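In this document, chain identifiers A, B, C, D and E correspond to the written order of the chains, with residue numbering beginning at 1 in each.
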Amino acid sequence: MLGEVLEIALRSIIVSGLAAVLATSWGIPLSLKLVTDDFRGKKFILDVFRALVGIPTVVVGLILYFLFSRSGPFGGLRLLYTPLAIALGQAVLITPLLVSFAYQALEREKGEVWELAMSLGALKNQASSTLIKETIPKLLNASLIAFNRAIGELGVALMLGGNIKGFTRVMTTAIALEVSKGEFGLALSLGGFLLLITYSITAVSRMVGGKS
Amino acid sequence: MIKLREVYFSYNKEPVVKGVSLSLGNECIALAGPNGAGKTTILKLMAGIYRPKKGEVFIEGKNIWKLPEKEAITLRRKVVYVHENPIVLRGSVLNNVIFGLELRGVSKEEARKKALKLMRKLGIDELAEKDAKNLSAGQAQLLALARALIVEPSYMLLDEPLANLDWKRRKSVLELLKELRETGRSIAIATHDAFLVSLVCSKAYIIENGSVVSETLPPAIFQ
Amino acid sequence: TRAPVTLRVSTTTSLYATDLLEELARKFQEKHPKVIIEFTPVGSGEALKKAENGDVDMVFVHAPNLEKKYLEKGVLKFGEIFAYNTFVILGPKDDPAGIRDMDPINAMIAIYEAGEAGTTKFVSRGDNSGTHNRELWLWNLAGLDPSGNDWYIESGTGMAQTLMIANEYGAYTISDIGTYLKLSSELTYLTPLVTQGSELLNVYSVYVVNSDVIKGVNERLAYEFQQFVLSDEIQNFIGNYGVVEFGSSLFSPANGDPDGSLREAWNQLAGG
Amino acid sequence: MLGEVLEIALRSIIVSGLAAVLATSWGIPLSLKLVTDDFRGKKFILDVFRALVGIPTVVVGLILYFLFSRSGPFGGLRLLYTPLAIALGQAVLITPLLVSFAYQALEREKGEVWELAMSLGALKNQASSTLIKETIPKLLNASLIAFNRAIGELGVALMLGGNIKGFTRVMTTAIALEVSKGEFGLALSLGGFLLLITYSITAVSRMVGGKS
Amino acid sequence: MIKLREVYFSYNKEPVVKGVSLSLGNECIALAGPNGAGKTTILKLMAGIYRPKKGEVFIEGKNIWKLPEKEAITLRRKVVYVHENPIVLRGSVLNNVIFGLELRGVSKEEARKKALKLMRKLGIDELAEKDAKNLSAGQAQLLALARALIVEPSYMLLDEPLANLDWKRRKSVLELLKELRETGRSIAIATHDAFLVSLVCSKAYIIENGSVVSETLPPAIFQ
């Protein structure tokens, strides 16, 4: 039992960690683009992302289900009901939250940093990377919060992972299973354990990554 | 030579620079005039930080807003603008000073050496390892100057460079500027400081309400 | 005029999802306009747990062995079977285990053998639900224990999800007929292979929560609704429910279980 | 059918709106306290909130279920399976996200605004309210994102509301029900409609509340 | 009278104010000294913005860090500090100027009237409705001054108040300060500007490395 819980916890960390890495890898450049470029529809995109913070996880799960299912366009990849599918789904799910946080952080610094970089002869992408560097603690914080959101979500893990024992079962799907069994006490203990994990990861990465 | 030709600029609707033409050759020019006249804006236009709404900005004969980024950058890197309120990056003072060199791909070791030498000259070498966000006003001003000087720009655009400096350091900065003039650098200074201007500059543009209202000799403007 | 009274009912999701219960509630309210019936659709285990916590007055479930536990605790009383249908064993269309039209026990044996031979997989609910318990019981009757084998996938999700997983993997699984029929258009790779056999009987029971043990529940009203569900009129209605939509009815009414066969089946399942 | 969907949508907006108001009413003062006061354990609290961004919604639901259940300490209030219970649960759920956003916004402005207020003779609580005023667009943004998170969550609405037709059914529980029925198309349409709602509310309140 | 007695202060570990004692009575005092000496820090200590790590700060005889907030506030409201780099609040220039009056519960209408009058005097009345975040350096400086003057403090602590101002406005500000002295206000100025100091101040403290190294007459210090 304990061994199984640890295995599930480890899987959760890896899957959602991958999701956070993926989301960061496209979310930060996207936020940067939104902050540094002035184009029509920018406000619209931003508001869409803010609205998407509230997309129900099952909806994300459902959409990707259609894409990944055997009869869907990417069915050939056989991604459905694998840990990778969960990671991809969670990465999509947390991107809006990540972008909302990162945009706020970048936007606040942009004016000054950008001007300074330009005044000293930076290329546009050098100015961008200076802006990123200036904001690193806050961006790290954004990724971290996105990771926490991912590890705590249920709908995507259920729809795309299927809660398969020993393969795609993660902490939240395990908790949901215990709830549906009526094992409320066990579900709560698992929830507490999950929080302990997220807290530890949060505290450690903030110690390493510096204050924000 | 940096040249503005009939340049217009506005932050929102109202234009704040209205058809300004001026040039900075192998000389030191001063920009003077009342608060809000547009001195800072003009310097930023000269540096290629702001894009004019109308009119052209030439650096060494090329319209920098018509060049592709790759070509523009070699020109823009000859020009450095120093803000009136210093902008400070995270990290140590030293890291701030070498920023422009890093942009130009200079190795960290070489940049460090050069920076320390320059900082000694400006009397801020002891601050090298200090967190740059925690400087006094004058210290930050000196940091900004060092950060600009280190890239050895052909054109220096300085916005109130002596504000907040103590007398000893004003003197060293003035001497530095004179040295730069002797080696043929072009300098433009926006300032209210007659003393400074009269010591290094040979020409002054008086800006009022977004336009150049007269060109004169520096000492004349404050009378 | 009396203030409205609320009857709180927990039910398994699969039963609720057929909309039958909302229909029954509507009919009851025609006769008793002051009554509001609130259904909370959840898993079987959760439904029963909520009864124990006093958060519902009444339960609709189909998990005899769980029901028995709560009966023994005294949480439930007046257990009545009000309807039944069947479970079906589904599998890929090419049926690699060759179970088509076998009897359920032999079908399970064939699936086991095909699984061991590496030619197929089986997806289990793995969630201690009524359907899951039925599946375990069938393995037990067949004298087999598939747990731990890598062809035996424990999904730990609801019926719809489990069917989708089986569909994706081209695997065998067991489902209640209602959920399967509702989803059948999605399940392009699955087909029902075994539908006959008393072992597949799926009995739905309705319970009143015991107010002697659980304080504050509305036993009287729950009992009234239970009797209403068991009335001839409603039993008739249940027998015709779903005919229009699916061509066959989703449930058969218990009609008082005249020959005792449903109760016998229940006892078997509960004891197993 | 359409009437029912509109009714459910309206209920979602009201319930989650109430949740956002509640969470704001305690989340902003809390963030302010974290920003302006220096006390031991502040970092710890902050990291706990960041970790709690990832608390599974079912866990929040479960905990409050125990409190509100007839046999629980607040059973006498008869809150379980009411819209108010959902609102309370969602308010608890979104507080960590709200605090994380608000803290980042307040912290960035604090130093300067606080010093200015003090230099002009502000009482401590006047300095605080000046800080709030300076940050209003960002705080509004935080509340908005928290609202979006609330309206899109499922676990709390399910555990504390019970998805009772015509009474506690909200958009997400309706979507989950359709998914469990296998009515994927309908579930997706509902999801799209929900997003339309959150987007509209986001866009409108940002127009009213100003840029951030 | 504001009095520092043996005051120590440090931002992190290293002390930057080391046992400073000084007082500001019915007079104008200047704080002078090299960059980073501690002038700004000392002014903020006098204003009750920073709390000393050791030593006492008295305003009109009361140790303000030992009083409950309610009592301290009446004293602290007599003192206003003006930052060397102006801090600007959201909203219009006018809203910024009346901020101190709002803190004191003055009605919006009255505050407005008073603000416009003062802004006219400083030559920034035309900026009243402008977004305060979009000011030029000198305009922002004047905003900060107006914001401080409007609450008619008994003690004004000014940090480089003339930096970035044009000559006309320097003159009006100097006249304003002289007027204030004539009505008995106490003024302390941290500055590198000999001219300013010699015109209004009667005493100068020279700060070096966190300590008062001498007290002298203003004109002497810059020789």
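Here, contacts are C-beta pairs under 8 Å (C-beta built on N, C-alpha and C of every residue); 3 or more make two chains touch, one makes a residue touch a chain.
Keep in mind the model is a prediction, meaning the values are calculated, not measured.
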Count of contact steps on the shortest path from chain C to chain D: 1
Smallest count of steps, each to a touching chain, taking chain A to chain C: 1
Chain pair with the greatest number of C-beta contact pairs: A-D
Most widely separated chain from chain B, with each centre as the mean of CA atoms: C
Chain B and chain C: spacing of chain centres that average the CA atoms, whole Å: 79
Between chain B and chain A, distance of the C-alpha-averaged centres to the nearest whole Å: 43
Between chain E and chain A, distance of the C-alpha-averaged centres to the nearest whole Å: 48
Contacts with two or more other chains, residues of chain D listed in rising order: 179, 184
Shared-contact residues (touching 2 or more other chains) in chain C: 42, 158
Per-residue multi-chain contacts in chain E, two or more chains: none
Every chain pair in contact, whichever chains are involved: A-B, A-C, A-D, B-E, C-D, D-E
Of chain C, residues touching chain A in the complex: 42-49, 126-129, 153-158, 161, 164-165, 167-169, 188-189
Chain A to chain D touching residues, read off their complex: 43-44, 47-48, 50-59, 62-63, 65-66, 97, 100-101, 104-105, 108, 138, 141, 144-145, 147-155, 159, 171-172, 175-176, 179, 184, 187-188, 191, 194-195, 198-199, 201-203, 206, 212
Residue numbers on chain D that touch chain E, as the complex places them: 112-113, 115-124, 126, 130, 133-134
Of all residues in chain C, those that touch chain D in their complex: 8, 13-14, 16-17, 22, 36, 38-42, 53-55, 158-160, 163, 179, 182-183, 186, 215-217
Residues on chain B engaged by chain A in the complex (per definition of touch): 44, 47-49, 69, 73, 76-83, 87, 89-90, 99-100, 103-104, 147-148, 151
